[in-house]
Structure formats: structure tokens, C-alpha cells
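Have a look at these structures, which come just after this line.
Both complexes shown next keep subunit A, but they swap its partner, so subunit B is in the first and subunit C is in the second.
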Partner chain A sequence: MTSRLYPVLQTGAFILLALVLCSLIFAAVGLSATETLGAIVDGAFFRPNALAHVLRWGLPLLITAVGVVISFRAGYFNIGAQGQFYLGAICAAFAAEWMRGSPALVAVPVCMLAGMAGGALWALWPALLRVKAGADEVITTMMGNFIAAQLLVHVTSGPLKDPSGSGQQASSRPVEAAWRISESSGSSPVIIAIAALVVLLGWWLVNRTSFGILSGLAGRNPVMVTWQGAKVQRIAISAFVLSGALAGLAGSVELMGPNGRLASGFLPDHGFTAILIALVAGMSVIAAAFIALFFGALTSAGLWLPVMTGLPSSAIDIIHASIALFITAKAGVFRGLLARFGR
Partner chain B sequence: MEDLIVAFLRSGTPLVYVTLAGVIAQRAGIWHLGLEGMMITGACATILGIVLAQSVVVGLLAGAVFCCLLALLFWFVVEVLKANQIIAGLGLTGLGLGGTALALTAIFGSEGAVSASFGLPRLGPAFGAFGGLSVLVAAMPFVVFACWLLLCRTRFGLRLAACGEHPFAARATGVNPGTMRLVALLLGGPLCALGGAELAAGSLQIFSVNMTAGRGFMSFAAVIFGAGHPLGATLASFFFALVGALGIRAQLSYGDRIPSSLLLALPYVATVAGLWLSARMRGGNAASSRELGQQ
Partner chain C sequence: MNPDHLQQGAGASAPALAADAVTVRYGDVTALSAVRARFEAGRIHAVLGQNGAGKTTFARVAAGLVQPAEGSISVFGRHLAGGDVVAARRAGVELVHQSFALPPSFTVAEVLQFVGPKPGLFTRRGIERHWQGWLDGLGLGLDAGARIRDLPIEMQQSAEIARAMVSDARLLILDEPTAVLSPEGTERLFARVRELKRQGVTVMLVLHKIREVLAIADTVTVLRGGELVAGPLEAQDLTSEALAELIIGDGAARLDAGDRAALVGAAAEQHESHSLPDAPPALVLKRVSTAPEAGGKGLSEVDLTIRAGEIVGIAGVEGNGQRELVAAIAGLDPLTSGEIFLADRRMDKASLAARRDAGLRVIPFERNVEGLSLSSPLWENWSAAQLVGGSLLAQVSPRALRSAAEQAFQDWDVRFNDVAQRAGSLSGGNAQKVILSREMDSGARLILAAQPTRGLDIGATMAVWKALRQARSNHAGILLVSSDLDELFDICDRIVVMVSGQAVATFTTPWDIQAVGRAMTAAHKNRAEEATR
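Now for the complex of A and B:
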């Protein structure tokens, strides 16, 4: 039991450390730390309709996070979830544009598949660069994020531009109302079902298939797995493509669900938050399901803060960043400290 | 032609300073993905110093101090807490981006942009078409030379490289790799601050949220492209800057035919191409010593 509890305690301790750092930063810019953190907790969990907001933000994050778990477990730092998410949304939007007029039962699955294909393609080229040429995937996927953001700007102000649109943010024509899988605010049974399916399949893939076991081993010791005769390159490319496809699926869920249309620069922190979820969950798909809801709550608090309390939403970015800073810290440090102070 | 060179120097100089910081860290064995966060902190501190204290010196000093604080934090997390360098670096970047946005909101009441009434000192009319460039552009070759001297021609540089390439060997000769990494990161702090200062106060005299737009990551890519050598990395960042300047030029001449957002993506595409090239040149699968703690 203790061996199971230990990682949880360790994660909790490092998150606490991250919150201390956040408080220091809030204090440094002249905000009251307790007040700010209190307002964030209020916005995350105690506002009216909190659960609906948590599900609205948490479920798409969860879908992307399961993909991140798959690629990180295989030992590949696919930082490009954001770009793959954007490409998924873009491809789904193009599919929706071409399918205009067809029945929802045909169109919605096709758009979802198009989104997954788009995300998978955006993960495929860094995978090939990594496996065939040895180009580091951290930078290539990161650059992929920036390129995808520019593509989104291009698509929303060019090919898919909404001619009647006005205002500062370029956006595409809205998806047909009959195809929307949820209202603009909140979640729906369809999205919950998709997320549940992703978690179940992800869990099965990671824990019950030879791909899952081998990729987990390859992430820790690629040399050993190669010597055992597994095809490491194939595992690597599959892990990349799967994680890209899931990020793309999240993109099309956002498009067909709450957003209803593409807007340039929408949800800019989605990918980074999904990476955090995977890390905090310790690369476990089941844990990710719960952690995603927590981060969904934080994200919804980020939108609520400026409106209700006048506090800046970048406070949430600080919390995310501090957690990222500490979350991978090693357990040995605490054991060493405990030993030094004679427990 | 002249204005193309000016644009090229303007966009290249911030990259070079930040790249040098990345090179020093890389040689000490640290993958510094926090460069972006330190660069934007330097940019923000410089403009805030100019706006609030009416002094460039105060701005530069504030930038250096804040960047060194971030470097210290990064060192603590990576070296003492043994966190994963890549994730912690991304966290540091997030801290810089979020922290500057928060500071702007806390001081001026709104996220967005702050403009200063004056920027870094200029070269002056004596330099003709290049008179509009800041003194940091002129100082850049000397800083690159100093870095080369320090890293490639001194005992300290050799020890630093030993800490990165073979920490056990370094320890055997009585060098503490942990301390050397701290020194390397602290040296990078002021360099990042200068890069950020040149970006924000060199020609624009404005700071806006997220204004670095991936330049820190591009600098890191230049470190890899340049194989961790100060001169190679400098050339690599010049290459990225050249592509960026050509993109801006193309926007002016062909803006009606090629969508501008695609031209803006050019430097990122060039970065990917550069990484691919350098990996090809080095041949095979670059050994990466990055593992992620799995429970």
C-alpha cells in the first residue's frame, strides 16, 4: 500500500511546492496570494454550474492527454499536442465545409475522422524526422506548434473565412447547427461518450496489448527492446501517430462541440495543459481521467477570474508553469532529505 | 539591399545573444528550453525599467537580475531536485510568459502592450544607413568573440565542456559539475536579458505579451544546429534570422499573392529544416540521454 501511496504523496508535495512558488510570484507583483488562490478555487469548484464547466474544459483536455501519455510512455517528447490539436480542428472544418448539406449521421463521424487524420499527419513528420534522420522531436514538434498556429490564421482569414464575420478575431463559417455535438456552453452525452471511449481504449492499449507493454519498455530502455527483436521504429511512429490522432480528435470535438467554428488562436494553452495532465497523472490513463477534470476546473477558473474578480487570467498560466517546473522532480530527493534529518 | 541587411541584423542580434546563453548551458550539460521564458523576462524588465525609472541602465540591470533569478530557480529544479530538463525548461518558459503578462496587468491594469518613449542608445548618423541600429548590435561580434574565447580557449571552458560530456571525469579532476552548471546558467542570464532588451528596446521600444513568439526555442534549435559551438550556433541563428528577414521582404513585394501568415511561418520551417540537416550531417540517431521518470 505504501509503495502505491508514495508517488501520490510525492506528486502532492511537489504541487504544494509549486503553489508556494506561485504565491511568491503573486506577492511579487502586488497581488494578495491567499486572495488570488482563494478566487481560483472559488472559480474552479464553487461557482454556479461548476461541474458543467469542468466537463466542458476537462473532457477535450483528457482526450489530448491520453495521446500525450501514449507518446511519452514510448520515450518520445511529443510537445506538439497544440499543433496537432489545431490541425485536427482545421481538417475537421474543411471536411465540414465540403460535406455541407449531408445528414448529420454521416457528416459528424467523417469530420471526426478527418480531424484525427489531420492530427496524425501533423505528428507523422516529426516522427519520421526523429526516426529516420535523428532530428530531435522536442524542437520539431514545438516548431510544428508555431507553424500550425500560422496555418490557423491563414485558414480563418483565407479559405474558410466567414464573410459576414466582424471583430478582431478572424473566424471560419460556423459548422451546421444540426451537426453540433453539444451546446456552446458545456458538455453533452456525446462528448462524454467519446472521452470515455478514448480512456477505455487508451487503458486497454497501454496495459493489455503488446504495443503498450513494448512501448513502455522502449521508453525506459530502447536498447534492450531492440535486442529483444521488437521493431522500435515502428513503435515510435505508431506512438507519435496515435498521440497526434487523439489531439486531432480533441480539436474536432472542440470544433463540432462547444466552439462551433474555427477562430484564429483559439485555446492557445490546450496542448501544454494536456502535457501537464499526463505528467501529473504519472503516465497512467485512468489517473489522467481524474487529473484532467482538475485541470479543466483550473482552465474554467482562468476564464472566470477576469470577469468576476478582475484578477488576470495569466494567474492560471503561472500555476500551470510552476507545476510543470516541479512535477518531474525525483523522489530520491525527499528520501535523501528524510534520511538526513533522521525521519 | 542595405535595408535588408539592417532588417537582418535587427532580427538576428536578439537570437545571437540568447543562442550564446543556450550554448554555454549546452556545454555544461543542460538542455535549456527555458531560454524563451528568460528572453521575454529580459524584454519586459528592460521596457518596464525605461518606463518606470526613465533609465536604460536600470532596465538592463533589472533584466539581468530577473533572468539570473530564473536561472537560479532552473538550476535548483534541474540540479538539486533532479527534475527532467525538458519539462522543467518548458515550465520556466511558461513562468516567464505568464509572469510578464501578470506583471503588465498588475502594473498597468491591462494585458497588452507598453511602449517606452526611448529605447537603447543608437549608433547615430555617423553610420549612415546603419545608424538606426542599437549599440547592442555593434557589441554583438565582440560578445560572440568573448564567448568563443571563454568556451574554447580557457581552462574554465574546458572544464565546462567536461561537465557536459563526462561529468564523472570532471568530478575526478576535482571539478563539481553541479557548481559549474550553476555558473553556466548564471552566465546565460544576462545574455538572455540582452537578447530580450534588443528585441524590445532595440528598434521597437515596445513590450507586448508573448512578443518573443518562439524566438527562444529558435535559439535553442540554433544551439543544436550549431553543434553546441559558439561560432556554429551564431551562424545558425543568423541563418534563421536571414530567412525571417527574407520573409518580411517577400511580404512587402509579394504580399498580395502569398498569404502573409504563411510567410510568417517561414523561420519555423527553416528551423525544422536546419535540425533535419544537422541531424543528417551528424548521421544516424542522435543519442539522447533524456528519460522521463515513470512510476
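Now for the complex of A and C:
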């Protein structure tokens, strides 16, 4: 077995194991496992316009997940993708507000950059607290998520509130129709291009630059990298900021693309799903791209299930949770199996 | 059943320890293979061999810490299957490890009270009085009221020995007890061991220096590559040369006499210094001080010059500022005062990357922590040195780095399968060669070699010495920190002794070996006198 193929097979095996576990759970609550999984596959891949839906959900996840891969590889557990994603969307929304009337060719890139800057800033303060004061980034970035969620509520019901808005959820004024980079329920060449660029640059950064090699070493042994004379703090801050910027970019893509406006309960699982994708991908940018699309398909199916089959969309949450379970157990489970049955 | 076996049950005449075809495997590695030996009670036995010979494993089998794959041991006639610490303890075996593990905030008396037979209510003064009397009887020279963390390392070791003796050990095993001691500390330890023998305790010492073995042991057992080479032999019948050959094996004759003596800790040889007094300096430290670390001392006004083409040794009991010295020269500890020059460039504010550019190379103390990232591929470990100076966004070619690493590993005779394999899969000697292949390039002008041969077998040790001498003939300056005085005497041109963060004495060839040993402990005595005053 080539060493390249091995992790792919391993990941495939995990997902299969997770699906087996899900089937058991479905069966236990009285759902037919084959029917439910069949409906999920149907919803993900065979409904009308299935590919567009997969891309609509998968590509923003992909952008955030590449960022998470970069920070995890460097040894920093930036759990704050969700908050950075929100800050990106909020900053992009403010930029859109201020730029009203400008041509799309200027306004869209400015909003995207504002989103990246917002996400980056939301990752910068935990990074500084970590390298200057030793504060655990898991705690600080997680707190950042809560603050960002409150900020989103404030912004959508305050400064950016849509006065004509009705309904239970506060939301912002919509961005100008001409600036939208995709329709509400689909993807577009612009988003595909952005995601492709992120994958390409992410891959290059991780596999073809000094930063990629040194951050990989630092992620496993920062002391060694220090004794080699590398600036570990600079690597850490770069990794944090890059991952924040990408989450922020995903936020602005969601705002400028499918959503068109901010709502206070805007995609609450985005960051956590991206973290799960990064973990399943085992720190590889290319793997993250494929797995993000897989999770995009799951999300798309989750929205389809209740509407078309009457099955609960929480079936998708169960699948997420089962995959998370197996990924967490990954190293131990596989080493145990290998030791028992030989190679 | 052979009659010999029956006799073992007889008690008084039973050997303190008998190993019967003991084999130990760690994964694919056979650490001990069919070792068979009998150690008589009431004597001092030395187990001797190089790193990787299986000495420590043998000691751990005897103490019940390691379960042999085959074979068994018996202690004072009691048959033990092995791998059972409680059974070994009950039979009277105690092991004192290389690294100490007593709770630092406890007093000696508290330690002894808690491992001792009578738990219950006590007063601090009461137990101190009780245990002080007991300690005085042992002749360990310990103060029962002293806290473990305040004791110098030699006394911590004594506290470990006392801890072992509380449970009435009849067979006391000391694993490399001299590794952490100064020459004088070693002599005091040996005096204590003789006192224990006088009280009827059987002592087994795991050692790797012939000089020490001949000074203390009644019998000598030599292990090599996990096999019993000879023993127990009566020490009085042995010569240093004969033992050296037993330890090294076939290769002994091929080694240079000085290296051979240094490897096995026989009497140190003299050699000519290579220092050239008018060679340009590779490193100059002027009154360098650093802030004290938590629980340690900083450097205090260290002056040191290393010229191109000389090896300067730093001798001293561990923990006397050697780490701080290396970290300061590497730029990882900021100076509180003083100046550092590499060649003629002042660099005390420069980053390590800038110092590396100026020709500084580091073989750090902790091979597996500071030297290598064990879970990363070999080629990444090797490449780090190439990358640190440049921009983080510099494009690199993994293919080129892999093949450069592969070439370097082949030049340094690293045994590896694939440059992508994890560094942690290499043996200690091979891992050190990976570090050498990274640090000892042609651009090296000043090499900091911190304990570069610690834990290495003969082949790897020789490779390190050869590399350092090679670098010297390429006009690099070399700072060699070692706690092995034999190593320093063999390859250094000058030796600086460090005590409490100060460079207290400098020695040149011909070596005054006793004087170096005295210098290592002299300042300790001064401090102790100050403390009692």
C-alpha cells in the first residue's frame, strides 16, 4: 500500500464506520436505516440542481476549512472559525453599506477584503494573547465566538437593521442586487473561482513554502523550531491571521452570495463544520477540498430531507456527530486494529 | 533438577541475585539475550558496558520492573518470575534510578516517613529526630530536616539511597549513580557504598567507566549488545586493558589509544593541544550575565574566548550554568549585561537566525526535544536549518530538499529507509547523526555541542568525535559541554570549569586531572561553608 493512498483509505473507512453507527441509531429510533441513508444520498446527489446545492454549501465551508487546516498544522487550535466567519460577514456588510452606489467591480472586492480583514482581526487578538501571555487559544477563540454572535445580533438589530424587515429574526439591509455574486440557492463561477484560488494558494503555502514546512514542524515541536532559529511567534501569528482571514472571506462570500443580507442566526454551524472538515482531512488542503464538498452535500441533503421526505434533518447532525466521534478516536482505533490484525 | 538449584534454597549460601537465561525484548529489539549470572551476597558487584549494552535493562529485570520474555531470576534463593516489583521488594531488592523522583517540597524525614513501615500521626520534629538517628547509622551524611529541592544533586542521590534502605533492602541496585556526580562526589558515594557493604548489604552498581569499577567493585560483569561477555569476574584479577577489550569487543584494537581510554573511562591520556594562540577568535564573551531562570541560576560575568580551530570543553556538575551558557550564545536567553562577539561581529542583540548566518551551529542538549521534531519527517527536520534565515513566503522545492537531505544523510552514514520517515523511528545514534548532518556543514564557524554523545553507543560516539575534530581542522571553533570528563580530556584543547553560572577555572594540556575535579566542587564547598556560618 502506498503511503499516499493509506490516509485516503483510512478516512474513507472512518466515514463508512460513522455511517454504520448512524444506521444503528436510526434503527434504534425507529427509522429505516436504508431508507434514511437512501433519502440523504438522493437529496445530496440526485435531486434537481443537486450539484449547485452541493457547491452552494460546500464552497464556503471549504474556504473556512482551509484556514483551519493552516492553523491546526501550526499547532494552534483555533476553535474560533465561527466567530471569525461572523466578523468577516459583519465587516463586509458595513463595507457594503458605506460603498452604496459604487460600481460592483469596485465594491465587491472591497467588501471581500473588508471581510478578510475582519476575520483576521478576530483571530489576531487570541494570537497575541497566546504568544505574548500564554493564554490558551482554545478558550480565547471560543469566547470570541460568543462575542461575535452577540455582535451579530447587535449589528442586525442596530446599526445595519433593515427598517422594512419583518418576521422574528432581525436582519440587515440587503446588499445591492448588482453586487450579489450568486443567487440565493446556488453557486456561481465567481464563488467557484474564489474557492479554487483559496485551495491553490492554501496548497502552495502548506506544501511549497518555507512557512508550510516550518509551521508543520512548529506544530509538532515548537522547541525544536526555536532552536533552529525560526521566529515561532511570527509563524503562530501568521497562521492565526491567515485562518481568520479565510473564515472572514467565507463570511463575506455567504453575505455577498447566497444570503444577500445578515441575519442574527446566520449559519450557526459553519465554523464547527469547517473544523470537523479540517480534522477529517488530516491537515491536508486537497483532502479538505474534497471533504468540504462531501459535507456540503450532507448539508444540502439535510435541508431536503424534511421538505421532501418528512424525515428529520437532525439525521444530518447525527452523521456529523458520528464522524466527529470516529475522527477523535482515529489514531487509537486504527493503531489498535493494526496491532491486532497485523498490517 | 540439578543439585545447584537445590542448594539455592539453603538460605545463607544462596546468591544475592541469580539470573537464569534472562532474555528481554522491546519490540523487535533484543535488549538482553539469555544472560546467566550469579552474584554472591555481601559484596559489591559492578555491571559494566557501553550505552545500549543492556546494563540498565538488567538492573530493571532484577528489580522486577521489566518482565523478561524468557528466563527468570532468583533473589537470595527466592525464585521470582520477574516483572513483579512488589515481589522483588519483598525479596529485598531496591533500585535507585538514574533520574531521581522524590517530591521536591518534602523534607528527607518526611520522605522516609511516608515510604517507611509506620504511617500514623507524627510531629515534624519527632520524625526528624527519629530518622536523623537512622540516617547517621547508615553513614549517608544526610540532614533529615533538609528539603529535597534544597539538596545538591549528590545529596538527592543519597536521599534516594536512604529511601531504598528504609525497606531493609538486602540487595541495593544503583543505576549509573556516578553520571551526575563530580569526581569527588563519586569518591564520597563509594565511601557510602563501602559502609553499606560493611553493614551486610549487597550492592550492584551499573557503571560505564573502568576507573570507577576498579575503584569500588569486588566483581565485574561485562555486557555488550545485550549479551553477557564475562562475569562476574574477580575485580582484583583484572586490568584496565583487559576490561576495555571486553567492553568494546573486536573493534578495540582499531581505536586510537586515547579514544579507547575515554570511551571506557580508563585512565585519561594526555595529548597535545591544537589551540593556536594567534588564531582569530570564533567566539568572545565579555562579562556575560543572564537573569536567573526559575529554580536555577543565571550566568554571572562569564568571560570566554574560543579561537578558530580549537575545542574548548565546559566541565562542571550538571546544572551549574551550562544550559544557560549555550542558550545565551545561541541568543535564546537575553543577556542582562555583557557582550557576545561571533568572530569580530558583536551579536548579543542578534537573533539566532542572524547568528546562524554568521556561522553559529548548535547541537542542543535534548536531542529529542530541542534537536528534532520526532513526529515530523526526517527531511523536514533536516531542512529547517536551510529555511529559518529566509522569508516565510519563500518558495521551496520539497523535492530538492528531500534529495539534499538524502545526500547529507548518506554522507553522515545515517541508517534510514526513507527521508519521509518520522525522525522518532531512528535510534539515538542515528538521530544524532541527522543533527550532525544538519549542523556540521561547511559554513560552520562556531559549533555549540551540548552533551553530543550522551546515551550513544561506541560507533555513534566515535562519529560525533570524528565530526568535531573534522570541524576543528576546518578552523571552526567548538564549545563542547559534557559531564563526561574523560570525553573532555580526550578531545578538548582547553577546559573551562563552570560552577554556579561562573567560569571558575581554565585548564590547558597537559591536564591536571585532579585539579579539574577539585575545581568542579571547590565553589560548592565555599557555598556550604557560607551557609553554615
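Just so we're on the same page, the second predicted complex is superposed on the first by the 326 of 343 C-alpha atoms of A that agree within 3 Å, B and C clash if a C-alpha of one lies under 4 Å from a C-alpha of the other, contacts with A are read in each partner's own complex, and residues count from 1 in each chain.
Quick note on the criterion: a residue touches a chain if its C-beta (ideal position, glycine included) is under 8 Å from a C-beta of that chain, and two chains touch if they have at least 3 such contacts.
All values derive from a computational prediction rather than experimental measurement.
When the two structures are aligned on the shared chain, A:I235 is found in touch with subunit C, with no touch to subunit B. Touching more residues of subunit A than its counterpart among subunit B and subunit C is B. With both structures placed on the common chain, the touch criterion links A:P163 to neither subunit B nor subunit C. When the two complexes are overlaid on their common chain A, residue A:P189 makes contact with neither subunit B nor subunit C. By the touch criterion defined above, A:P48 lies against neither subunit B nor subunit C after alignment on the C-alpha atoms of chain A.
Of the two partner chains placed around the shared chain by superposition, subunit C is the only one that A:N207 touches, whereas subunit B remains out of contact. In the superposed model, A:F272 lies in contact with subunit B only, and not with subunit C. Of the two partner chains, subunit C is the only one that A:M224 touches; subunit B does not reach it. By the touch criterion defined above, A:G101 reaches neither subunit B nor subunit C. Put simply, subunit A uses residues 216, 220 to touch subunit B in one complex and subunit C in the other.
Residue ranges on subunit A touching subunit B, taken from their complex, read 7, 21, 25-26, 29-31, 72-73, 75, 77, 79, 129, 131, 133-136, 138-140, 142-144, 146-147, 150-151, 153-154, 157-158, 216, 219-220, 272, 275, 279, 282-284, 312, 314-315, 317-318, 320-333.
Contact residues on subunit C toward subunit A in their complex (touch as defined above): 330-332, 351-353, 355-356, 362, 364, 366, 369-376, 380-381, 383-385, 387-398, 401, 420.
Contacts from subunit B toward subunit A in the complex involve residues 33, 73, 77, 80-84, 86-88, 90-95, 97-99, 101-103, 105-107, 111, 213-214, 217-218, 220-221, 224, 259, 261-262, 264-265, 268-269, 271-272, 275-276, 278-280, 282-286, 288, 290-295.
Against subunit C, in their complex, subunit A makes its touches with residues 3, 204, 207-214, 216-217, 220-221, 223-231, 234-235, 238.
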